[in-house]
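We just call them A, B, C and D in the order they show up, numbering each chain from 1.
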Amino acid sequence: MNRRDLLNAPVRHMELKPNMTVNQLIQQFDNAGSFGAGRLATACNIFENMVRDEKCTVFLALAGAVVPAGLRSIIADLIRKRLIDALVSTGANMIHDLIEAQGGHHYKGHWFVDDFFLYKYHINRIYDIFVPEEDFVKADKVLIEMFDEIAKEKQGRILSTNELMRLIGSRLKDPKSIVRAACEANVPIFLPAMRDSEFAYVHIVHAERGKKEKALLVDSFKEAAEMVAVAQKSERLGMIVIGGGVPRNAVQHAALMADKGLDYALIITTDRPEYGGLSGSTPEETISWGKLKKEAGRVMVIGDAMIIFPLTVAAVLERLGEDFQRKGNP
Amino acid sequence: MNRRDLLNAPVRHMELKPNMTVNQLIQQFDNAGSFGAGRLATACNIFENMVRDEKCTVFLALAGAVVPAGLRSIIADLIRKRLIDALVSTGANMIHDLIEAQGGHHYKGHWFVDDFFLYKYHINRIYDIFVPEEDFVKADKVLIEMFDEIAKEKQGRILSTNELMRLIGSRLKDPKSIVRAACEANVPIFLPAMRDSEFAYVHIVHAERGKKEKALLVDSFKEAAEMVAVAQKSERLGMIVIGGGVPRNAVQHAALMADKGLDYALIITTDRPEYGGLSGSTPEETISWGKLKKEAGRVMVIGDAMIIFPLTVAAVLERLGEDFQRKGNP
Amino acid sequence: MNRRDLLNAPVRHMELKPNMTVNQLIQQFDNAGSFGAGRLATACNIFENMVRDEKCTVFLALAGAVVPAGLRSIIADLIRKRLIDALVSTGANMIHDLIEAQGGHHYKGHWFVDDFFLYKYHINRIYDIFVPEEDFVKADKVLIEMFDEIAKEKQGRILSTNELMRLIGSRLKDPKSIVRAACEANVPIFLPAMRDSEFAYVHIVHAERGKKEKALLVDSFKEAAEMVAVAQKSERLGMIVIGGGVPRNAVQHAALMADKGLDYALIITTDRPEYGGLSGSTPEETISWGKLKKEAGRVMVIGDAMIIFPLTVAAVLERLGEDFQRKGNP
Amino acid sequence: MNRRDLLNAPVRHMELKPNMTVNQLIQQFDNAGSFGAGRLATACNIFENMVRDEKCTVFLALAGAVVPAGLRSIIADLIRKRLIDALVSTGANMIHDLIEAQGGHHYKGHWFVDDFFLYKYHINRIYDIFVPEEDFVKADKVLIEMFDEIAKEKQGRILSTNELMRLIGSRLKDPKSIVRAACEANVPIFLPAMRDSEFAYVHIVHAERGKKEKALLVDSFKEAAEMVAVAQKSERLGMIVIGGGVPRNAVQHAALMADKGLDYALIITTDRPEYGGLSGSTPEETISWGKLKKEAGRVMVIGDAMIIFPLTVAAVLERLGEDFQRKGNP
């Protein structure tokens, strides 16, 4: 590379004006092209390319308490528009969707409080969100009954997390629910650590009050095979990561086991690579494993997903236009 | 509180001298008592109290690539001395233990490399560690055979992750293996996201080459009930967290489901609370949920576990003395 | 506080639609009100209140390479509209403004490069920005001449950094320059660590080629007294911080020395409080010093200023409307 | 490079034993060689090489509240042993040294407090340290008198920050003071942002109560020229950075202006490169500017300096032996 090639794209300073749209702002970020602004602009481009690619199966990997914090509708909408073809999540995020589906709420609270005071008041804190105990209890009750019912219906059948989520989704009435939207849009929900959430409590109560040997049986590994099958059927693979952790790893692993690498990767995280954990690992590191293709569109945006993800989605919705509806894959 | 009470403990400046022991350095950190140094000194005190408490069941929750990076022997030793009573881990950390148990290695590499070059060379990168593909393959081969053998032996029995890990541990010859040490010391290993690791690949190959219906069946929820049972049988509960994620959450959840709160919590992480994720949540937040007792000894040390954890262990080993051997719980 | 008061503001999930304006998106962040989204919504409210407050003198404290990275026009515009009444900056940011004022540029580059290769090519790297050596040289040349000229003009007078910046600003032709805009709008520029930048090189060459005793003399402490005087003349004080460091500290210190606390504080940073540094310290900590009033509107947004600051400004410009022009203070 | 070269240094897992010395622990970190442990081991090697290099002038660049937090004695000792040849600091760290030199203290406090309560009690908070207002007042009083005295003595002479610090150091009685130790050991103290600290308040009172034109005059740029002169006289240059900010930049700039690059760089920080600020910039980035030599020993340890710096110093003191005394440079 010669020197001139290194110096051919001057930073164009951002210009702001009143009433600019989100995508117009992102264009200004693209003009500057530096630090986080440059990464975010690239993220929007990758997300746009991913969903405009008719042959790409888009996975959303979800960790962190983003559903309680306010991303529930955005995710449900993405599923309905099929901008997302598969959801891979922590169990907790789905539990919080189900809490709202049963009429529960999450409340704006504060991080600077006496937590023992909250404990006595039966209020659970997630940073600056408060969740009243009774809303958990309400959701538990409904879920335990659903588990009983499903166990009876499917007697002896061994389920994957995805199959179980679909059976739950089909029983939900709340039109805003992610789990219901996924069921209706035929979007699978994989929960690679399902048992690490209130679902475990629900299962324990369900198993104890019925006959243990008739309890719902969820096979740890079944969903892994299902995810690989999805990847195998797909021509191209895209991944959007919020947070990282088990959901990100599960998607990357499915791509590898299907003998394919991901073609697009958009990672939003606050973790950094230097400590060696998966959540902070760069897309480049992922290439060494064969989980991401060398030529893949890829970017890691470092920042709070509650800001970065809605920004990205809003900009891309603007680019796609009002009536855009994706067909979905695979 | 009156003013004098707020001003009664002056920072005593650290004094260093050649040949000081690790614990002598930690005492200097205690003298200063500020920022990270104060937290680390507190961490050593809490870890010491936890293991000197004969009635406390100590959980080690393990996330991040700390086994490949060099903590394998330390963890195996802690298990043998029963300073740890239960291990809750990502699947990957156990896979990396098993890779070394089959003669494989992890190599000191570098983060500033061309990852596609590594890919062509079949070298997988974990930040600045290189893992050759063939060491995965070697471990896979042995594990697939073990899965076949165990499936045959246990035909039709539904296993928990812990039961499976014990069956694997009993087949290992490497005296340095964590999985083998746990088996011998009767320390359970829970893998709440087992399928999110090379174990999934192993299971898929095992299931495909045998008859699918005879494949090993690992119940997602069974280990959750086992963890709750451990917690219920314990008088007191302690938790040491490296990283956070699913393993931390699983321990906290078990404490809650057993209707107990944790009595001790030592958390080493690089994550921060402001983004709302579990890994960065403060011990105080955990109190609001009833997962940690109000009066629990607790601290969160922010830093690289590869530095902080060995420091803490070395200081506590020094305090406990050469011949300390714990009985173990519950 | 009773329980009901803690649970009176449910998180309202964000709703996105194509073509929404930046401020409409911020309203959605306000609806959710959690984690970073809640903080950013608060930041916009505080910024709006600050500039709508006719009696408030607004300081912008600037650290980090935000001028090279693309915020130059935004800052110059804020000065022209007098949404900012005083600029407190690292020397480097002003140097980079002056580089562009002399026709130099900053270029979009990449962080993953061989830095010795860049060195040989005389390209300086700021993360993913490239700055060619010759653009420094060009600016140096002009600045050295200005220093010579000013020294002659002011012979023997002792200058503050602010006086010097104004004398430079009055000599600039580039209408986009921050330094020129500040001069024209009568907005002072304070550089509490001016000598820690290319200005030091400029001064050394200037002093060596002339007679040393006739070199420009900038008094370290003079600008401190000037900043205190500004604070004393102001009815209310507001502070917007990008990054932190010396500029933030200098503003806070001026507020204290003027026996006033700040009335508004909006801090954008990626630093965290636990390590004890000033840049990461919370607005609350600032209250203990009397530098921030107890009742002050305050928020700390954790994130990349290249994203957060333009977002905030764009939302507030929308709220203020096309023709808003502030009178300015004190 | 062939594949074998990439796989020639297996991670050797750390082995801990009771009573191991700090340097023995660091050796274990070196054996593992990964993530933060590897970096810290490298840091010790670089620090050792730097001080064993008889021709190397070692700069310590100091930002963040490490003197109040407990590093005062360590830094004073390093100066006395001449492991450090020049100190470049924020003004605040020197103020806190002077507070203790006048009998004041810093107190172990807590970060989770009501800051307005502290304010009413005249207690200033630095994360979890409390500093009583009266200890500032006591130090101010002495410093104002020193300023008066020095101004009289030096009438009309223009001082650099370093000259002023030496004049203060020669007046101190506390044998533990950094400023006094530096004066005695003939180690310069440069304060590139001196005015951004309590020194500004001291100067303002001093100037107002005397005749303004007779006030002490500190030239902003004079110390820059002095630092360049030190660098020019030195055969080799080393830099140890705690935190970053203006002190790090000032050292790097001096190396550049002396037409030399640094030969050694050990950086301890919690900042990261992605946001483009100087404090988080990698040593590699520094090479592009010519501020660090291509072949320089260099490392960036990410972590709390209150832990990392004492660890490094203790290990190196052990390597150097009890009686090691360096001659000092330049």
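As a working rule, a residue touches a chain if its C-beta (ideal position, glycine included) is under 8 Å from a C-beta of that chain, and two chains touch if they have at least 3 such contacts.
If you're wondering where the values come from, they're calculated on a predicted model, not measured in any experiment.
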*Those chains which touch subunit B and also touch subunit A*: C, D
*Would you kindly say which chain has the C-alpha centre located farthest from the C-alpha centre of subunit A?*
D
*Could you grab the centroid distance between subunit C and subunit D? Build each centroid from C-alpha atoms only and quote it in angstrom.*
26
*When the C-alpha atoms of subunit B and subunit D are each averaged to a single point, how far apart are the two points in Å?*
36
*Please work out the Cα centroid separation of subunit A and subunit D, and write it as a whole number of Å.*
44
*asked:* Give the residues of subunit D touching no fewer than two other chains, as numbers and ranges.
replied: 34-36, 65, 68-69, 118, 123, 127-129, 272, 274-276, 284, 302, 304, 306
_List the residues on subunit A that touch subunit B in their complex, please._
63-66, 68-69, 90, 92, 111, 115-116, 118-119, 123-129, 158, 161, 192-197, 199-201, 203-204, 207, 217-221, 223-225, 228, 243, 245-246, 249-250, 253, 257, 270-279, 281, 284-290, 294, 304-306
_subunit A residues touching subunit D - in the complex, by the definition given at the top_ = 34-36, 272, 274-276, 302
*Residues of subunit B that touch subunit D when the two form their complex*: 3, 6-23, 25, 28-29, 31-38, 40, 65, 68-74, 77, 105-109, 112, 118, 121, 123, 127-130, 132, 176, 284, 302-304, 306-308, 310-311, 313-314, 317-318, 320-322
